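Order as written gives the chain letters A, B, C, D and E; numbering starts at 1 within each chain.
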């Protein structure tokens, strides 16, 4: 197909339109090998959904992407940069804290349990990182935050504290908080699974909007409807490996692997 | 407690002025003579020997006056630094203070560490409530309750007496040791303890402060032992100079004048000495 | 009398049966007579205590009032307050640094922090006060230069020394500064433990969320973790402050004798009125303690809004 | 050199591209030269300090060693340890009672607890020691009977008094017991604050779950809330214990003079070897502190297993 | 229909087979009225499911049943006993703490967020209340606990700590813990909504078993499948009132009220 190729600082050649490239990613906790060689590429603008049974390593993979976990083996590039390391003369050097922070500020992450900062108001949560990290003036950041709150449908909650919000509202604030850093990539780790069914819709709506706006997203989810409708690709992971991947509708309707079939039968 | 406010107003004696004795002044080590003053560590909580004036800074007392007068003979200014007991000895040791002076009793053990210049003699004096209601006899206090300031020579004294009681088959003395003499005195005033013993000047002062007719002395003072000024063990030059200065004020009568003003004539010493034989 | 006797009508049992039991529940609360008895006993004891205070001669109130506000004492109050505030401030900053080092995962920093905490918790403040007041006992001069020159210079055949300049330690530290240093260094060790407990009580999801936002380690500590640790840190820090208020009395060993307690004791021993002066000390300390406790109350409310109405629960999560 | 150039093949992008980058990540960790420099400086300073300890005459090691283990000193160590342990135990129990009262919601109990904490945090321990040691000066006898009889009996035209029996306070409290009481009562106020902070840090869902199981208030406190509060309570309690170790020196004001610090000071003031005896005090306190810190480590591990491997996170909830 | 009637200590006459009788239950928090007059009866052996939008007062009602919240008005009986009060000569007297505890020990409750005791092992969690409250000998309680663990499908997790379990496992332990007190009534407050879809099945299976065993249950849930299959009755609450109730299949397929229809369309 003769795709365009860019060369990274380390000399690796990556497809030009790939935002995330995972190359044989391994991750072990002590003797427990959780990721056993993940190869994945996420193109700019792509929405990739990841499904798989509990313990299959979905969260761990997402955490590897923004270097909350260190890889045990393999390489992972985001935006053409090797995450967490610098390669010089064939050797890897760990990046300094502030360099890793700079890499992470390009990647938004939304957690299953929201993890809003309870001591800050909603606006405080959203402007914290832009003001502190990107040195955006407070007034400007606040204006942006109100705009984002509008976008996630919470224009009137600016001054509330996280404790005063429902789960769905908290998760939408968490999304706004991540978006405030204007990331190139958004990672969602089961963003709706701590929510009541009624609240799930609110959050999925926001994500749907984001996808339509062209945001690159990696979404670990069990919402098959969402995956089918919004996802450009669907990855099924099991036991630390990618078992099957492809267009969502195809994977969902005619899974090629036995394991995928078994899993889908339970979840759907 | 009595109404101690009464004697509060008694004017504190003025320290007499002394003239510099150039001959003696020549004995002073050069660096100190040049500085023109010495710093003296003092634990200013032992009236009438040394205590703080109402301004909370100035040291007063007969020890203070005696030492100031002696230093005057040497042409030296005295800078009194109120501090805690531990700090005085350490301060003299490290040169933070040139001298230490705080009603220190001279003992053999202490003279191994520092030079002590004797200049005053104080015995042990007992006192009780007026009329001595418990009939305390210093020579036979077995079974009595006696208050004493801890860590003083009197502390050792009363311990020995108690042991003697036990050996003689009598009841031991109930000894209560206090951090300071005023607290010990307070317990005699309130009747918690039967009597107390202290340095003679201190006992007299306690009588004054507790007011008319509250306390009275029992018997005479005994076991007189000298008070000493401290210098660093290696500072013999300064020690000799100070001793000579004391002898000079004994000579010219300033010494007795000061003792008289403070009412502690009983403590007069014939000659001051560095590290006296005990 | 209510009578909800409507039959349970099959599976759709929750038949509305309105019109009964409309009175609001205004129940008689459980009576705890033992509590009232206890409170009464405490009140009587307190009354007897107060009565004793005023009738017992040992307290000599007129004397106390006369001396409690004398110039040196009032000056002493200010010295005590300033020493307390300054040494707590330095102690808290030190404690934060030490706690962060202790939790950093870096073996060197952890060891240093542990050693510091061990040493300064172990050594009594009184001894520190004496030492810092008489630092000359350890080093008569403090020299800036290369270490152990007296060993290696002769060994290398060099003469002289490798010291660039020297300070006489007797003039280095003023008494007040020395005392402050002694108290602050000691306080740092205690605060380190308190702050460590606070930091450990913050959910680690908070750190991860901040990391994911691209915040650096120092900023996360300052903006996210520490503020949330405050809830747990404040009450024991209040304890420390109040204890420090009393420990400034150790300044007398430095010696800094213009401090409150020393001044009161000086009056006591001059006049043999020990008790009135001890009571005066209590009154002063109680007064300052009260002010500090009011301060603590407001700081706690600031960092723990949920507790005082306003915000509902402590648990982040939807209504349940 | 790796070259993941496989084209991104349409929507099913995650094409396995195996066989590359298989080497394990063995990166060179970030170097922190400044930390090593700092560590080196600290080591050199520590070495100089230790060197000074052994060469400085002021320490007079032979004298110190000779007296550090003399009989009265060793006896003093035991008195100090026993007083520390006992007063902390009583203080902790008192603190728990006061903290529970403070959080009970009952206005009487809350007021009593607040008053107690206010009073005993405000009054210096030294003063308490003097007061308790000399209670006889304030009350020559303690009588059990009806209060204020000297007022109301004459008023009612009655004679005599309403006292059932009287104790001579000179014999009521031995010095040691009086001192212990002073220290424990004071400690109770400080512990109350610490335990309150601990109790407030426990998720209230825990209490509700226990209530729903039919557990009573006392049992919930004992079995559910307190154990979970321990994590937050232990480090400041360690502080308090270690501070108390040193505060037992205040027993000398009671007067209880068989205590460690007093005994060392007594040797110092007898022989004017003050400084070596202060160092001996440091060594003793450091030794006991070390033992206490080891104890604290194990107690912390017991109540906080997650932190030391074994259990993963602190947050209850599924793997995520 | 001539049902049997029993008279309570207060003189109220309750249907003999009703385990829970809520009579005009009101509950306000400050000025916010959350329950506005709930009348419900749950028969022995009945499985009642409660559905309704967020904030409608479902949790608050359950908490009223075991007196975690005090009623503002109305009466509530469980097992013929007035919850939390004693009525004497027309006046209500609050019960003492230990009396309320005794009433509660007959009612098991399972929370949305599990609320296991993190400092106790799984067995410790289960035997805590029996040993402490019912004074069951420890050995006996442990044997019973192991039996219950078997029943909820976790025979091998006896010595694990809550942190080491997945959400589904934690919730099953929470159920076992409640069952260990041998309650007459089990209350479930959205027991599956904090779980991943895969784990929901585990918990519903256990509840299904319980229902089959004849346990009286009140279940707040959004699992309509479960309600339809296991529930004897379905209650739809909105804004502090019971809007509609009846046989689950009927309510779900042909709701009578507009509000119910709107809600079901969003959730199903």
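In this text, a contact is a pair of C-beta atoms (placed from the backbone, for glycine too) under 8 Å apart; a residue touches a chain by one contact, two chains touch by 3 or more.
Fair warning: this is a prediction, and the values are worked out from it, not measured in the lab.
Contacts with chain D and chain E are shared by A, C. By the document's definition of touch, common neighbours of chain B and chain C comprise D.
Of all chain pairs, the one linked by the largest number of contacting C-beta pairs is C-D. Distance between chain A and chain D, defined via averaged C-alpha coordinates, is recorded as 45 Å.
Between the Cα centres of chain B and chain E there is a gap of 82 Å.
Shared interface positions of chain E, defined as residues touching 2 or more other chains, are 54-55, 97, 111, 113, 166, 190, 194-196, 199. Across the assembly, chain B contributes residues 86, 90, 93-94, 183, 186, 190 that each touch 2 or more other chains. For chain C, residues touching at least two other chains, in rising order: 58, 130, 137, 203, 205, 274-275, 313-315, 317-319.
Screening every pair of chains for touch gives A-C, A-D, A-E, B-C, B-D, C-D, C-E, D-E. Residues of chain E that touch chain D in their complex: 66, 68, 97-98, 101-109, 111, 113-119, 128-129, 132-133, 161-168, 170, 177-178, 181, 194-196, 199. Within the complex formed with chain B, the chain C residues making contact are 57-58, 60, 62-63, 66, 70-73, 75-76, 130, 133-134, 136-137, 140, 170, 252-255, 257-258, 263, 265-276. Chain E makes touch with chain C in their complex at residues 1-3, 5, 11-15, 17-18, 21, 23-24, 26, 37, 39-43, 46, 48, 54-55, 59, 70-75, 85, 91-97, 111-113, 189-190, 232-233, 235, 242, 245-247. Taken in their complex, chain C has these residues touching chain D: 32, 35-36, 38-39, 42, 44, 47-48, 51-52, 56, 58, 106, 108-109, 112, 118-119, 121-127, 130-131, 137-139, 147-148, 190, 193-194, 196-198, 200-201, 203-205, 231-232, 234-236, 238-240, 242-243, 246, 249, 261, 274-275, 278, 281-282, 285-286, 289-290, 293, 304, 307, 313-315. Interface of chain B with chain D (complex): residues 85-86, 89-90, 93-94, 107, 109-110, 112-114, 145, 150-151, 176-179, 183, 186-187, 190-192.
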